[in-house]
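By written order: A, B, C and D. Residues from 1 in each chain.
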Amino acid sequence: MTPADVTAPGPSSGPGFAPEELLAVTLARLILDPTARPARHIAVGAASPIPAAACWLVAKLGHPVRLSLLHKRSGNPFTEGTRELFDLTGQGRIDLFFLGGGQIDGQANLNLIGTGDWPGMGVRFPGSFGSAFMYPMAHRTILFREEHSPRVLVQRVAHVSAPGVSPPGVFRRGHAQALVTGKCVFAFDPVAARFTLASLHPGETVHSIRAATGFDFDAGAAPQTAPPGDAELALLRGPVCDEMAETYPEFCGRIWGRGQAA
Amino acid sequence: MTPADVTAPGPSSGPGFAPEELLAVTLARLILDPTARPARHIAVGAASPIPAAACWLVAKLGHPVRLSLLHKRSGNPFTEGTRELFDLTGQGRIDLFFLGGGQIDGQANLNLIGTGDWPGMGVRFPGSFGSAFMYPMAHRTILFREEHSPRVLVQRVAHVSAPGVSPPGVFRRGHAQALVTGKCVFAFDPVAARFTLASLHPGETVHSIRAATGFDFDAGAAPQTAPPGDAELALLRGPVCDEMAETYPEFCGRIWGRGQAA
Amino acid sequence: MAKRGAVGSAQGDAPMTPISLEAMAASVPDGALLALPPDNSLPSVALAMALIRGGARGLRLLGVPVSGFATDILIGAGCVAEVQTSAVSLGEAGFAPRFTAALKAGTITVRDATCPAIHTMLQAAEKGVPFMPLRGLIGSDILAHRPDWVVQQNPFGPLGDVIVLLPALSPEVAAFHAVMADSYGNVWLGRRRECATLAHASQRALVTVERVVEGNFLEDERLAPGTISATYIEAVAIAQRGARPAALLDEYGFDAAYVAEYASMAKTDAGFGEWMACEVFGQVRAA
Amino acid sequence: MAKRGAVGSAQGDAPMTPISLEAMAASVPDGALLALPPDNSLPSVALAMALIRGGARGLRLLGVPVSGFATDILIGAGCVAEVQTSAVSLGEAGFAPRFTAALKAGTITVRDATCPAIHTMLQAAEKGVPFMPLRGLIGSDILAHRPDWVVQQNPFGPLGDVIVLLPALSPEVAAFHAVMADSYGNVWLGRRRECATLAHASQRALVTVERVVEGNFLEDERLAPGTISATYIEAVAIAQRGARPAALLDEYGFDAAYVAEYASMAKTDAGFGEWMACEVFGQVRAA
């Protein structure tokens, strides 16, 4: 197969990288944030090719990290059944997890239930999966949602699948480290229960982010999101794609022009 | 191998059966007691050849019964590790269990800890194993101890590993059905928390039992313990011995003159 | 006849006789609390289809811990009154269309949970305890909508350290698909141990298998670790490729095209009806 | 160097290098809470002997859920300060002589438990909850001597339905013997899943194996069900016949004569000393 001409990045076609590549590299840098607890064991859940690419990039950069990819097509990392991910997390062995949501609000609450009356009589989302447990029990969580719109990023979620912060005294191991969208990166402060704009993806401004965001947030002098470096792009397009092709053939084909048979 | 002449029973050598055969048949009849909950799944614990023989006899008599023999030498019935017996019992799936004790008292309390100050500074027994759970949680328990002496059958145990009865309101599924010793069978009444002499083994009298028993008990017109029938003896000496030879070679050799290699 | 789990025989004595898939489906009473694993965890899609053909009604489904294709077709066929689950999804093929339609139409009751809570409720039943605690959950609206879940002070923690206690959940019937059964009704399902926990926790476990093989898995140290003892299995039925379109370990893969076509057709009542007539009742599809 | 469990590598990246048995023993700090399975459940007798040779002191042993040969020799060698267990026994060979002697001499503290309570405390640690309930136990003097066990009203039951709550127990070190490890430090131990629970619950799991083989057990549907992932394994050491005199699945049987001879010699301090000099330190036995 040859790369799909329409989406394949190249020196003469814009910024030289696909938006998905920028997001993967951005997530990888958040994983490696030297001020955060080291991510030695990361679990990646359902249908998350960009977080998976970020994790593989961290591994291929040579960092010691164990990846538990829940939707690996052949085999899976667990031998105790599907409860093992939750037991591992309960034990404190999962340093980092990724979560998204049909709605995410300014206090980092997640809604995977739906809108309208309980249990989602407006728009019904699939359901909460393990979020009500994983969010407080993983050491840190990176929130990831490509769609950045007032529909998704709301002032207050219609229903809380998993809360962004917990009352004093309630056992909680971690919080959202950041929220990464198709437009920007927000950092989350669990004490203030509030997001701060951390960086803007190419073409975005504080104004455009405010317009696309249903919740209020702090904004200082947010820099551009740093573009992928050549080494990162080479790893993504080579060894990372190799690892991901079996599990995410559609993604690898779309972004890197490579399918399962490659 | 040929049967060991000293212990092998025969028409010309006494009652025609070994004491162990009488005990196995007596236990089998208690297992099959039509007034008790049917024993569809029986678990047999450590180093219990006579209860194991009783269970195999019940099976070979054609009764539908599942045996979980915890000390089967090759393999074992469980695939969840050693907790599975306790989980099964917690689920209510174990109809009958066997227990003994270093001391057994008149209220059917069991002591597997020892005598003297806690934890057995006089004579130390091995410890309680799972008795504190199995005794209340199995649907019924047959107590079995060959040694019948005032040392073992005491007025009050020095320490309670597992209580014979429980206070009102405390969840308990079953109690001792009976206590079988080398001298007699006692029935247990959990409401009165008291044993009644049910039958006397050959050569015993109510007087001889009182002399050998440290606890008080009720005694009506206790009959002789019914001797093994020919069919039962034939099953014990043939198919039951076949099943047991691998796990209990010493026992099968001593009673039936058969070892593992037979 | 079905081999009753608790009326098994001493090892080596009573061979197991499989029953038919239709007889297995008929043994599930209307209104039963029926536990089903999702598409990545050995669902018996064959049994779900047999339940539809048998006209099952009022089933209360439990997702272990989420729900997938089998749940959606049972809902679409009108077999279901209630779903307790942590999510309902067709994976890459998107939302479950019949689930969503029935929820909106008010024809099913949906009780939301979260994955580890369902595992925990089943583990409590497996262990024979009335409840088990679980961390997390506090502050979630799932908890707010579960009056059967109790929040209590942790007696081993500092004052104010509250924790959720979840009641034991023992499904009336558990159904899943495994690779094989042996002569004695033991079932080999490999690493998908959530189905073992489910079988332990449930009152009746019904298992469809690809095949029945000679021997006793419990006597084989290589097979025993992935085996559920016949103690827990009420009946076995042979259903070749019985998990499809879901995958079965290394036996066959997920049929993404089949599910995608289903997801497309099942967007409407009529489309689902057409799909069901063809795929469940074996009628020739209208041109 | 030891492979740290939590600092493993992405699948396929970091081969595991076994360490020596003596280095493994040296990694167990004096005073550690060390969990050991009994003779029917994959004990690492090889590591117990290495701990004796290494002069371990003050160990607090946990029987999972009972204790056997390895515990008795560690006690006899003066390595042990405390034992928490549900029983200590040499099986057919009778009572454990060095345990009994040390208890009487007051050189060890004995904390009695009951088998399912130990499983439950480890399961609570495995699940990351502060406690788990367990039925039974009420009325036992074991409970009366365990101020760390709490009796509480069952919030889901009628008034007066009290139940025992057991605190999570996370051993500092777990040690056991398995059949084999693979290239990535995954360990295959078959159906003895109590060792898997133990590894999950413990802070460090040390495993001796008969052999290390090429490949990745987690990628093999037949081996995966009996495998503990390297995530939980801190270090692997090769110790051929490392469970002896205990049995290892279908690899080798229990050496009853060896244990009977031990039980006889260990009845006295002098006899145990002679046995240890010969069997642990490899000295030629005195004529």
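FYI, a contact is a pair of C-beta atoms (placed from the backbone, for glycine too) under 8 Å apart; a residue touches a chain by one contact, two chains touch by 3 or more.
Since this is a predicted model, take the numbers as computed values, not measurements.
Novice: Which chains sit in contact with both members of the pair chain A and chain B?
Specialist: Touches both chain A and chain B: C, D.
Novice: Taking contacts as defined above, which has more of them, A-C or A-D?
Specialist: Ranking A-C and A-D by C-beta contacts puts A-C first.
Novice: Farthest chain from chain D, going by mean C-alpha coordinates, please.
Specialist: Of all the other chains, the one whose centre lies farthest from chain D is A.
Novice: So the centre of each chain is just the mean of its C-alpha atoms; given that, what is the distance between chain B and chain D in Å?
Specialist: 30
Novice: So how far apart, in whole Å, are chain A and chain D when each is placed at the average of its C-alpha atoms?
Specialist: Centre-to-centre distance between chain A and chain D: 40 Å.
Novice: Please report how many Å separate the Cα centroid of chain C from that of chain D, as a whole number.
Specialist: 36
Novice: At which residue positions does chain D touch at least two other chains?
Specialist: 123, 127-129, 134-135, 157, 161, 163, 191, 193, 196, 221, 224-226, 250
Novice: Which positions in chain B touch two or more other chains at once?
Specialist: Each of 74, 78-80, 90, 137 in chain B touches at least two other chains.
Novice: For this entry, which pairs of chains touch?
Specialist: Touching chain pairs, listed by label, are A-C, A-D, B-C, B-D, C-D.
Novice: Considering the complex alone, what residue numbers of chain C touch chain D?
Specialist: Residue list for chain C touching chain D: 120, 123, 127-135, 150, 152, 154-157, 161, 163, 165, 167, 190-191, 193, 221-226, 249-250.
Novice: Please output the residues of chain A touching chain C within their complex, sorted ascending.
Specialist: Going by the criterion above, the answer is residues 46-47, 71, 73-74, 76, 78-83, 86, 90, 112-113, 118-121, 124-137, 159-163, 165-171, 250.
Novice: For the complex, which residues does chain D have touching chain A?
Specialist: Where chain D meets chain A, its residues are 6-11, 13-14, 125-129, 196, 200-201, 218-219, 221, 224-229, 231.
Novice: Within their complex, state which residues of chain B touch chain C.
Specialist: 40-41, 55-56, 59, 64-68, 74-75, 77-80, 87-93, 137
Novice: Report the residues of chain D in contact with chain B in the complex, numbered from low to high.
Specialist: Interface residues on the chain D side: 40-41, 65-66, 85-89, 91-92, 95-96, 100, 103-104, 110-117, 119, 123, 134-143, 145, 157-163, 191-197, 247, 250, 253-254.
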